[in-house]
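Going by the order they are written in, the chains are A, B, C and D; count residues from 1 in each one.
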Amino acid sequence: MKEVAYEVRVEFGDCDPARIVWFPNFFRWIDAASRHFFIACGVPTWTETERTLGVIGTPLVDTHARFVKTATYGDVLQLHTSIAEWRNKSFVQRYRVMRGDDLLMECEEVRIFAGRRDDGSIFAMPPPPSIRALCE
Amino acid sequence: MKEVAYEVRVEFGDCDPARIVWFPNFFRWIDAASRHFFIACGVPTWTETERTLGVIGTPLVDTHARFVKTATYGDVLQLHTSIAEWRNKSFVQRYRVMRGDDLLMECEEVRIFAGRRDDGSIFAMPPPPSIRALCE
Amino acid sequence: MKEVAYEVRVEFGDCDPARIVWFPNFFRWIDAASRHFFIACGVPTWTETERTLGVIGTPLVDTHARFVKTATYGDVLQLHTSIAEWRNKSFVQRYRVMRGDDLLMECEEVRIFAGRRDDGSIFAMPPPPSIRALCE
Amino acid sequence: MKEVAYEVRVEFGDCDPARIVWFPNFFRWIDAASRHFFIACGVPTWTETERTLGVIGTPLVDTHARFVKTATYGDVLQLHTSIAEWRNKSFVQRYRVMRGDDLLMECEEVRIFAGRRDDGSIFAMPPPPSIRALCE
């Protein structure tokens, strides 16, 4: 199972009046880490996969996060990302947000490989084998 | 069980290159809806409860969200908020994000009533009966 | 000269560790107020003007803001928006951000009416007379 | 005159439906670059300067930005930051946002060194000589 790290500096403006990271910012970083996982595994950009495989991206359908410790500005965080499970028409992407050895947050998402119909609506495709091979 | 509605206009800048709401913005609105629930129930501001009850706020410890339909700019959303469960040292706050009759997203959070120790660290208090009475 | 008001509630998450609005959020609201100005004046959406006039939006080329007083969560702000000047290939949009009678911030922007060339690049068009007539 | 570079990766969620960086995000990065300039010059954190010099931070009072070229996700930007002018009770901080050799945006801000009065209000202090010496 491949694991990819994505580093984030926590800035002043990421923190709230309690002087800790305002939690929606964790999801901002997780979304960036999700895309970086595929890039780091060698998957082409979604612009290119749209042309070659019909995949326009990996929209989120479900997310579950557990907040363990807080962070504040000046901290440097590592988001460790992997794919925990492949399903017929979706996959589970997992994140551990660390500050060195400290676990701050864990998150598990269900995402789909999305194609687009002629009417503009999107649908879930089976994970393309060529993408799956790069990520395992 | 009290339910409070909080209305949001989706703006251009809330949307991503796929022309739909970028999902971390849903958590931004949910956090606002959480605070508004207490205000609408008659709970004083956390600044005041810090003085009277030692409660400095309701930090998030766990969140689980399911994304059903997308939204885009121009949409007006209603976030329906309630407290689904009271526990010994936490509570479950529930949100349904609607666009009229359409359910877009559901979210269930575990939050705590937080006090602050002398060393600055925070701890979970039992839900204060006076606050609970206002919210039920 | 038409002036349109756009109302904003300041939320906890809009504020920084100094407990005041983190300034980039003012620009978030100003961008929303810009679009609302045109909507309130009766200008169709940019999706529609793209079809009828070739106008895909009003990107920003210059902004100048002066911060007078701070705001914090719980505050309700009014953004008063107008067009201060029409130029050959641009226009000046002006904002006063008020909390009741208190001026918090002033901003003056230069924006263009943008068209899109076949190669995807954008260019500045003269302000379409039909749009100008609605906004004066 | 010292110049400090701060690097930013543009992410999918930083971009709007026009597929370019939504402009308030530039101000998010500029605020981070402002703080990093002082850190890189060896100025202690504001938490420490509050104790030693009474300086609680450098709030913004005026900003003027010019947008030259757009950016999109996948781009890596360099923010080059310097102090262009020292005034009696304020200073001018200047930013050039580059993508390699391409200038994307320029910004000039007036900020103050802020102290806090007993009633919680803030005031502009003369730039502390010890800080100025580190930044020149």
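In this section, a residue touches a chain if its C-beta (ideal position, glycine included) is under 8 Å from a C-beta of that chain, and two chains touch if they have at least 3 such contacts.
Small disclaimer: the values here were computed from a predicted structure and weren't measured.
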Intersection of the contact lists for chain A and chain D: B, C
Pair joined by more contacting C-beta pairs (C-D or B-C): C-D
CA centroid of chain C to CA centroid of chain D, Å: 23
Chain A-chain C separation of Cα centroids, rounded to whole Å: 33
Distance from chain C to chain B - Cα centre to Cα centre, in angstrom: 29
Junction residues of chain D, two or more chains touched: 12-13, 22, 24, 28, 31
Chain D - residues contacting chain B, complex: 12-13, 15-17, 19, 22, 24, 73
Touch list for chain C against partner chain B, complex: 9, 11-13, 28, 31-32, 35, 45, 73-74
Chain B contact footprint on chain A (complex, rising order): 18, 22-25, 27-28, 31, 56-57, 59-67
